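Working notes, beginning with the structure itself.
A, B, C and D are the chain letters, set down in written order, and residue numbers restart from 1 in every chain.
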Amino acid sequence: MLFFENDYGHGAHPAVLRRLCETNLTPQPGYGEDAYSENARRLIREACGAPEADVFFLAGGTQVNAVAVGGLLRPWEGACAASTGHINAHEAGAVEFTGHKVLALPQRHGKLEAETLVAALADFYADPNHEHMVFPGMVYISHPTEYGTLYTRAELTELSDICKKYHISLYMDGARLAYALAADKDLTLPDIAALCDAFTVGGTKCGALCGEALVFPKGGPERFLTLIKQRGALLAKGRLCGAQFEALFEDGLYFELGKSAVALAMELRKGLLARGFALFEDSPTNQQFPVVPNALLPELGKCVAYSFWEKRGEGESVIRLATSWATRPEDVEELFKILDNMTVGG
Amino acid sequence: MLFFENDYGHGAHPAVLRRLCETNLTPQPGYGEDAYSENARRLIREACGAPEADVFFLAGGTQVNAVAVGGLLRPWEGACAASTGHINAHEAGAVEFTGHKVLALPQRHGKLEAETLVAALADFYADPNHEHMVFPGMVYISHPTEYGTLYTRAELTELSDICKKYHISLYMDGARLAYALAADKDLTLPDIAALCDAFTVGGTKCGALCGEALVFPKGGPERFLTLIKQRGALLAKGRLCGAQFEALFEDGLYFELGKSAVALAMELRKGLLARGFALFEDSPTNQQFPVVPNALLPELGKCVAYSFWEKRGEGESVIRLATSWATRPEDVEELFKILDNMTVGG
Amino acid sequence: MLFFENDYGHGAHPAVLRRLCETNLTPQPGYGEDAYSENARRLIREACGAPEADVFFLAGGTQVNAVAVGGLLRPWEGACAASTGHINAHEAGAVEFTGHKVLALPQRHGKLEAETLVAALADFYADPNHEHMVFPGMVYISHPTEYGTLYTRAELTELSDICKKYHISLYMDGARLAYALAADKDLTLPDIAALCDAFTVGGTKCGALCGEALVFPKGGPERFLTLIKQRGALLAKGRLCGAQFEALFEDGLYFELGKSAVALAMELRKGLLARGFALFEDSPTNQQFPVVPNALLPELGKCVAYSFWEKRGEGESVIRLATSWATRPEDVEELFKILDNMTVGG
Amino acid sequence: MLFFENDYGHGAHPAVLRRLCETNLTPQPGYGEDAYSENARRLIREACGAPEADVFFLAGGTQVNAVAVGGLLRPWEGACAASTGHINAHEAGAVEFTGHKVLALPQRHGKLEAETLVAALADFYADPNHEHMVFPGMVYISHPTEYGTLYTRAELTELSDICKKYHISLYMDGARLAYALAADKDLTLPDIAALCDAFTVGGTKCGALCGEALVFPKGGPERFLTLIKQRGALLAKGRLCGAQFEALFEDGLYFELGKSAVALAMELRKGLLARGFALFEDSPTNQQFPVVPNALLPELGKCVAYSFWEKRGEGESVIRLATSWATRPEDVEELFKILDNMTVGG
């Protein structure tokens, strides 16, 4: 069975797991004060070119979004997000559980566009009743988006400028950041650190067993450790995340595994197009969204683990094929063979 | 440096880590639907003698308490707990963050006694204004308690009977359950499953890298997976907990590592008493609380990692010494030597 | 200055105020156990044809919505509402503050249509990831809507049937219910009680100083009084709402004042159309939404208090003119004179 | 039937009701922007000697406490309060519903003493684990307390100094403030305004139909109107509170009605002591707490409405007798006659 279902189906990148093994018997303080977390924070600060950054390690993606969004907002504020944004659609209301509204805005290619944002903000303040409404207190974007697409450096700069003008925070959900950085040389980690008030460097979907690094390039909110604890997100064995991120950011592993996955995704993309499959979104990252005739799906499902995305008209569906550090070139080759046989025999 | 600071200072028990390595390259579905979690749930159900139990794996202790307590309570209810209970004192208000009051009650040896509970419940319902007050909706106990003490089978039965009479849930925080089970043969895991509505089987402090198993012996609350997700506690790589608990509950490792730690703690206890140290609480589990002259602390701290617990009068302090799977008999011997030299030379 | 700004600009209907004066010196128990509240509940049950109904009196509209919606939902659920629904747009996130998402759906004429709702529900349950999403747990509608429009009996029946099929609650925000009942003889209060699980009978905007009656025709949720108290909405002097609703529902005052306001609104509507003003929505209730050239607004504002609603293209605006129990026929005549002079001289 | 059950059993002081009648037909803007609220704010600022004060009117006591406490605290903070404080004991967990813990501290005569507070704060910061605990973020006191007792000027100054030292807010729940001000000439309203960061001037229990004025002497928190709206506490007809507080603070009515009630309570106290009744607390305000043999209660209850407070040993109970603006000297005389007859004939 070929595995293209997602990018979190395997354990950890071998180098990450090796680090856990090597460090296993060395006792360390808890709650993020261990030497590995300390070192990982230093490595991330360096990679971000943000020596003042505060870095926290949390276990999961929905968790880090809820803690960061809930922690950055003031009580009367909500978070602007594309309607397709993960916090709006697929986190079971985790942000609302912290008492805050997600202010859903129209998206294009999964992205929140500057003109959409600026119009929403202008309309809000122009409304004479706005004191009776939820104040837009921050902007949430995901990069790559839920559709695999990317913000350009110009786009992110524009969003950042708008946020600065309105004195609101810009937060980037980087659950799959490794693939964004690998796909686009134009927008670097230091750029992101310079343009966002907070962002995550995803581990779970980028080679770790678990863990997301939450980075506040200009320093974090007051008493953030206590806030993390209050929201049930402070790991006793902080070393678990610390050692993993140390391995990911030493010697550039995070960037390397992103590159490898994206390169194979581009092979995949080329091969899919060559075989006549349309793409639902033109994604430059590790998730590809081919449109597939429904008739092919049962047979495909016998040898390939994929994700169903959504129906498209009567006879077709969008599926998601994802690569990761665990995908090998021969997996892509094998997938093509299967598709070729299916197209012939289907 | 000897390490007696706590029971979560090392990584994972080698067998647990080995399992993560062995399973690393096998792709699995996410969010707890992997084969390891499935198997771990089965093993835990067996160990509990509760074939109908629902079992969920969450990453950490404060998290699982907040999700379970918040999930078991109805909106107008609070959780009764000993004032020293972890949810009342040391979780940064995580239960209150879910909108519920912790109804703190007096403790004795860290335990909530049946007569204290029954008086509180009777007083509540006798108060003509009780509709203007927080309803007691469940009982939280920790076992072992924060002082290392244990509920006897008779005590737990009594609490359970009171809860049944008042139609409220009984929840046991078993963050250190391995040590309780090892210390007291009278109260078994099947007993706990029969007497409690929900309880945790702690992993983080009992040999895992992370993870707590939340067990509902008679079946869990409705839509509990969504509730876990909503509260940011659903791990994408559920396999991380699944594989670890599989290793812990195959071949009885969980019980074995508890026994080893408790046996060494009993050595420690004996040696401390023999050397004239009083014990703040007489703990039968892996945490020991000797009373130590303040004058000894600086020197002790040079060679032994311990936890400061609290001041006691002018010249003494209570400290905590904890054993775990990682503690070796020679560590205890070495500690005694240090103490002997200190007592002589201090 | 003519007052058409809203329907809550004056004090109370004289008969309501008189009742407060008459009852003022008679001592009564607090928290809704007074004789007036008791009697008002009886009168409302009768008017609803719902002898089993539970009725609670709360002070304000946003408050009663937040308490009812938050109280009806289970923790993992959200409330479906038209995007223009008051809880989604104009209550400062009060529902989200209780931890629940408002699931905004497209509206038509301010209404949530049955086909929109059924599609949303079907899509939700068809999504294989729906356990990671907010469950639709109830439907919120306002009647009249924020645009003054009304659900027909057939429409409400359809929504009610869908809710029954999906086992979710149907809640109607009747902040302006008096005007709905006056405008449409087809959908009566007993119909509403038969079709909804909960609804409000608005007082603040229908002749009272304050107060909304929250009606659960088939009986209210468990411990609802405590829930009201918990959310800061239980009035110590419950008599304040009780006496007012007694006056409103004795001798049919609630229906009469609705009729008077709607009759004048229809005069207004006729006169506006006759004078060539387009209507933004064709409202059969006490709120009328004429489209007015921006050039007229400053002069109009000198003699008439109106509400600005929204801009419409370059040169025009939608304004709201509202009638109430305090509006007199001569006020409408006077308004027409002002408009006639303006059209001539403007 | 004599009414001594509480101080909110009647409607409003006649002058307050008269004001509602006089202003009834004058249209006003909503949401607190009416002329009466404006004037009432001015009058309160003057009475407080706090020209910079922000003043908000909310409907009820639990509501204003939850909004103020929840609004003053930062997310990781809780409110210190005497264990008998209203927010801890009798508000159904309204503060916890906003996500914050009430940090209950021992009380004496219903008061939080400076040394108790300072010890709690010192202990908190001395605890090396305090980052894992709820930070004390404010102090809540009630004045008069739930036992009718009062803070002296010296005591309030001491609490205020401690709060300043620890950079936390001091909030006074003045639900019955009129009686405190009448009973103690030493601690004036300007003193309170100078020493507290926020306090309420209670209306509901001091002559109004409803309404509490929330005063921030040095200016209120940012966007507080929106926060009030978010928590369901913003009245559309702000005039209802505005007109009432205007009447209460014009010509010193608030102080006069307090004096009258306290003078009668002191008569009551004297007469109770003269008749040999012990007092549970020595209250200088409008609530008196005599200890009464249980055998007398049934007969007393036939002619006097009183509140049961608590049992005291085997044969006695504490009851509460409260005076208000509606209590007449002859009511007290009549009560004494009843007691005299009962004592004779009981």
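Please note the rule applied: a residue touches a chain if its C-beta (ideal position, glycine included) is under 8 Å from a C-beta of that chain, and two chains touch if they have at least 3 such contacts.
Values in this document were obtained by computation on a predicted structure and should not be read as measured data.
Trainee: Which chains are in contact with both chain A and chain B?
Mentor: The common neighbours are C, D.
Trainee: Measuring between Cα centroids, what's the chain most distant from chain A?
Mentor: Taking each chain's C-alpha mean as its centre, the farthest from chain A is D.
Trainee: When the C-alpha atoms of chain C and chain D are each averaged to a single point, how far apart are the two points in Å?
Mentor: So the centroids are 34 Å from each other.
Trainee: Can you compute the centre-to-centre distance for chain B and chain C, using the mean CA position of each chain? Integer Å is fine.
Mentor: Here chain B and chain C have centroids separated by 51 Å.
Trainee: What is the distance in Å between the mean C-alpha positions of chain B and chain D?
Mentor: Roughly 42 Å, centre to centre.
Trainee: Two or more other chains touching the same residue: where does that happen in chain A?
Mentor: 76, 91-93, 97, 99, 131-134, 226-227, 229-230, 234
Trainee: Help me check something: in the complex, which residues belonging to chain D touch chain A?
Mentor: Touching chain A: residues 31, 70-71, 74-76, 99, 131-135, 222-223, 225-227, 229-230, 234 of chain D.
Trainee: Taking the complex as given, what residues does chain C use to touch chain A?
Mentor: So the residues of chain C touching chain A come out as 76, 78, 89-93, 96-97, 99-102, 104, 128-129, 131-134, 308.
Trainee: Inside the complex, what are the residues of chain C that reach chain D?
Mentor: Against chain D, the touching part of chain C is residues 1, 3, 5-6, 8-12, 14, 17, 20-21, 23-30, 59-67, 91-94, 97, 204-205, 209-210, 226-227, 229-237, 239-240, 305, 326.
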